[in-house]
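By letter and in written order, the chains are A, B, C and D; residue numbering begins at 1 in each of them.
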Amino acid sequence: MIKAGIVGGTGYTGVELLRLLAGHPAVDLAVITSRGEKGARVSELFPNLRGRVDLRFVEPDDAVLKGCDVVFFATPNGTAMKSAPTLLKAGARIIDLAADFRLRRVEDWEQWYGMPHACAELLAEAVYGLPEVNREAIRCARLVANPGCYPTAVQLGFLPLLEAGVVDPQSLIADAKSGVSGAGRKAEVGILLCEAGDNFKAYNVPAHRHWPEIRQGLAAVAGGAVDLVFVPHLTPMIRGIHATLYATLTESGADLQALFEQRYANEPFVDVLPPKSHPETRSVRGANQCRLAMHRPRNGKTVVVLSVIDNLVKGAAGQAVQNMNLMFGLPETAGLEQIALLP
Amino acid sequence: MIKAGIVGGTGYTGVELLRLLAGHPAVDLAVITSRGEKGARVSELFPNLRGRVDLRFVEPDDAVLKGCDVVFFATPNGTAMKSAPTLLKAGARIIDLAADFRLRRVEDWEQWYGMPHACAELLAEAVYGLPEVNREAIRCARLVANPGCYPTAVQLGFLPLLEAGVVDPQSLIADAKSGVSGAGRKAEVGILLCEAGDNFKAYNVPAHRHWPEIRQGLAAVAGGAVDLVFVPHLTPMIRGIHATLYATLTESGADLQALFEQRYANEPFVDVLPPKSHPETRSVRGANQCRLAMHRPRNGKTVVVLSVIDNLVKGAAGQAVQNMNLMFGLPETAGLEQIALLP
Amino acid sequence: MIKAGIVGGTGYTGVELLRLLAGHPAVDLAVITSRGEKGARVSELFPNLRGRVDLRFVEPDDAVLKGCDVVFFATPNGTAMKSAPTLLKAGARIIDLAADFRLRRVEDWEQWYGMPHACAELLAEAVYGLPEVNREAIRCARLVANPGCYPTAVQLGFLPLLEAGVVDPQSLIADAKSGVSGAGRKAEVGILLCEAGDNFKAYNVPAHRHWPEIRQGLAAVAGGAVDLVFVPHLTPMIRGIHATLYATLTESGADLQALFEQRYANEPFVDVLPPKSHPETRSVRGANQCRLAMHRPRNGKTVVVLSVIDNLVKGAAGQAVQNMNLMFGLPETAGLEQIALLP
Amino acid sequence: MIKAGIVGGTGYTGVELLRLLAGHPAVDLAVITSRGEKGARVSELFPNLRGRVDLRFVEPDDAVLKGCDVVFFATPNGTAMKSAPTLLKAGARIIDLAADFRLRRVEDWEQWYGMPHACAELLAEAVYGLPEVNREAIRCARLVANPGCYPTAVQLGFLPLLEAGVVDPQSLIADAKSGVSGAGRKAEVGILLCEAGDNFKAYNVPAHRHWPEIRQGLAAVAGGAVDLVFVPHLTPMIRGIHATLYATLTESGADLQALFEQRYANEPFVDVLPPKSHPETRSVRGANQCRLAMHRPRNGKTVVVLSVIDNLVKGAAGQAVQNMNLMFGLPETAGLEQIALLP
């Protein structure tokens, strides 16, 4: 059994990790930390876990985490980077669900996250945990930067097009819509039911931290800089991201359906729908799945890709478990076979 | 492996049965019927099942169902009773998720359901599938009447009080609130998002078909007639029932907390919360669980019981699988260990 | 024109007051205060008011409010009582939308609100602003205690029964369900969309501050103490309260429909529905209305009253404007003729 | 007083027209027709109108409508065109909220709406009722084609850019999100609360009937054909459209904020927000308003316009009343001064 620890398990990615790891056949959930909830039973905070998770939150402390085989950070940005060197030295492997190791250039990171990086030397070693791109590197990684939710949905949708070189990399638009759980479990007015409910809005159009992350990933596969407009929106639901992606075709004869089907033929967690489909976010609710569909309206110059994930699963905790499975030589789907809850 | 068939799998209890049976370790999902969707892939109708259920809907036909060990009816009322005799004769066991076999007296059934009963002779044999009351009878049953959703939530809340004789059986009030999936997957104006969303109302206060079912069950444990006022409401959410139950205490010294904890100590799917708790429907979303809490406001004469279930799971498909497990000698929890999806 | 001031206009009752007063034909909205938002335009915080309300929030300060004819307090409990004596002396009339003047006995108030009362001497003068009970007293009042949202819905439902003496005052149960806006516009985890959405729960069953307020009001009309069980619930919608009321009939021959219709025949804001109706909260969304329906299931001993209001209108800001209209000799319906928004 | 009739008042645009006309100072609501609800009180179907609209539905019949000064058609497509010639001859003026007169070329109409047009000769006379473009023509019109909801939101957002010639008309993308009321009040599975709730999806990406309508309008102002990709989505809320519009700038020095502010300076129902704003759909809920904001991410080549309306008001019934006001020489804002309901 893999001995797993979770740092900062009081948010939505934390409780989702707990749900997945509690049912994982090869994991022993050993430690969960929280400064604020120290001493409380996990199941008091999250009653869905009553009878299934018997842990109490403990004070965050590297000592108690050192005995873990893997430590998940479900913390605010800027936390994992402080503990990573110590834990790695102690032999633990790390999966950071926050953003500390997602950008390769330390200048970019410090600009976008507004603080100095505590262990920039690890940025080169960290592996960006998108298995559909970096599977082999993840297997050997000590330190995995689990991708953001928007970046997962957007990259999986653009990848086949850029890899095949059939779209202009200067023409990318990602119009993305997220359920409110993407904003976390924080006491903020803007995500109250009475503010975000029965309402729709864009936010952070001038600049969103997922923009450089997406751009970095797309540039890597495009083999050069890409021009990306990224507009995130808040939609009045709990879970789910729907990314609507636009790009200008450079090869008007490309068979887009075949291209996507071949690219993802062996991917357990990416599902290419039949032609003319419209994936629904609820079709992946609670499941580690990305579902994709492609359109070319009026046979014109623009390809439209529709990409849905559950932001807390394939966009966070589920992908983290997928990465753990790869890192520890387990079947990639272990503990990730939940069927989406519909309705 | 148990060979299972589903009749009428296009509604919400149908897709939920499919979700649960597709992940059940001892079940081979062999047949699913639907007149309207004949020939279609199950996963076209319910894309959450893509890659997990490879069946197509077939014409309802007793012949194809006869080879099944168990047949689930997820049909409108009045359907199962037409096929039951034939299938039972062929050796299949039946779990009816509709109401055909829930009431013991044929006069009651015909009055409340407005049609003649097609096989009244089976009413005496049918076992009411509430395992917390009828576990032993269910094990041997050929024909199980799976309880309604409201009846499950209400009976589990009142049972310990009536069994212990600590409340006046003439004083029962059940104020119940259901998510909209309880109304089924039917093209009706009243359950449109724009009608039922952002709205709350009572319905069927003069008479609801679950009233005689609940009363029959409570009378059996009370050992005599009960007086029950039952007021159902529609609440703007998808899954979940919250029953708020009121009764007048006859024994003012009763330790209600202990009473409930002892009654359900060995029940895998009934969870008594600590004193002063308020169970949330989301704590059982997608899980085969009932969670209960008891209150006695201002130490007065009225006990208040709060009872939550997922109407599609413990209130329908999950309880049906629980009954199947009992009928076939499987561990009662087999295939039912999903943790509730929160948030 | 009546010169009106609002203290604490950044919550939901505040913005609702602004909406109603901005369209009121006889009101000049002169001042709005907020410590936190001092200097900001009201329409920056509440963009629905762009082009309609041109005020900026100013520092709360009795001096600036003294010139007002009427001052509304849309503040937390314990605020209005500090300013009331000064403002009254200056000749302003006060309508407190919080609870400072709702309970007549200072001991009760201090027990339930957990602080000493700053001007207990005004409790006797304050008029409880439920026009359907206290219309004449309100006309002359200098200081009106605007009722709570639950108390409005519950009292209007029970009043005819208690006034007519047809139910046992020791048998009252109020099972009430509120939209989330009743909890206010506060940064709290429990009312986030991801916590309160797609979820239903009871809360504060042991004790809720509206219990003594309701009991006081009902006792006054019953002419003696009443026994009331009050169970509030949170339902996943923004606006609306649905109270389901139960009482034991003492006069089995009472014509309940006629009783309610006669009691409210001349009330502009109470609407008794035809027999067998089920009022919906959305039928009063945004409107200063209470809609009522009565049932007597199976012609038994229990009467069930269904009562709906918009908690922010008839349960708060609308009722406050109704009180202002009475206090200043305006038509009672002035500025309150909005039709509910459906869907 | 203007004598107004409504044909087909049982849908959401119908009830919204009723709400607005019932409060309109210059309108006498004389007739409302419905084949299905003939004889029923309007307020039985829509209880929000109790006490405010005392009409009963009558059989659709041109005779009864001939006496009206204006007839609104809130009917399915293909209805108004059958009655229009007769009613116009009788001297009534017509506002069609459906699509019968929106496309100028009969071939286009017949292709997109799949039926022969019953009075193609009127297409040339019909005025497209977008007051911000066609105000003067509307004043004199006998027959107004009220724009679709998406076309209103999208055209108002693109107009200033195309009129000023600062974007490439071959680069237009409209990513639009609609609340579910846009699909109407029809008994269809896809818009049930349990299907459309807590879910997000695109639909009709290959072809949507609003595409030719938008394109026709934009081409008119652009002075030539435009290339438009239009992707509609369904978002889990009742009212509201949010259009996110993308276009490639051809004049990199354009002051977009000034451009929009000047274009709409005198428009009572178009509100240009300050720079860096993100309009919310709830800021226009129930109000006849369009709110707009412009962005140019990273100062790049793409302009992003955010446009919100209430699909039932500025996108349907409110715009119809605005057109009526123009046609009858009333103040354009008469009866349209409702402030949006927030929260």
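Assume contacts are C-beta pairs under 8 Å (C-beta built on N, C-alpha and C of every residue); 3 or more make two chains touch, one makes a residue touch a chain.
Remember, predicted model here, so these are calculated numbers, not experimental data.
Engineer: Considering only mean CA positions as chain centres, point out the chain farthest from chain D.
Structural biologist: Greatest centre separation from chain D goes to chain B.
Engineer: Given that chain A and chain B are copies and touch, would you call their interface same or different according to whether over half of its residue numbers are shared?
Structural biologist: Comparing the two copies, chain A and chain B contact each other through largely the same residue numbers, since over half are shared.
Engineer: How many Å are there between the centre of chain B and the centre of chain C, using C-alpha atoms for each centre?
Structural biologist: 39
Engineer: Please tell me the distance, in whole Å, between the geometric centres of chain C and chain D computed from their C-alpha atoms.
Structural biologist: Comparing mean C-alpha positions, chain D is 36 Å from chain C.
Engineer: What whole-number Å value describes the gap between the mean CA coordinates of chain B and chain D?
Structural biologist: Once rounded, the distance between the two centres reads 45 Å.
Engineer: In chain D, what residues contact two or more other chains?
Structural biologist: 12, 181, 185, 194-195, 197-198, 236-239, 279-280, 282, 285, 343, in rising order.
Engineer: Under the stated contact criterion, what part of chain C meets chain D in this complex?
Structural biologist: Residues 12, 15, 19, 22-23, 46-52, 181, 185, 198, 238-239, 271, 273, 279-280, 282-287, 291, 337-343.
Engineer: Enumerate the contact residues on chain A facing chain D in the complex.
Structural biologist: 173, 175, 177, 179, 194-195, 197-203, 205-207, 227, 229-231, 233, 235-240, 242, 244, 246, 276, 278-282, 285, 295, 297-298, 300-302, 304, 306, 308, 343
Engineer: With touch defined as at the start, can you tell me which chain D residues reach chain B in the complex?
Structural biologist: 12, 180-181, 185-189, 191-198, 236-238
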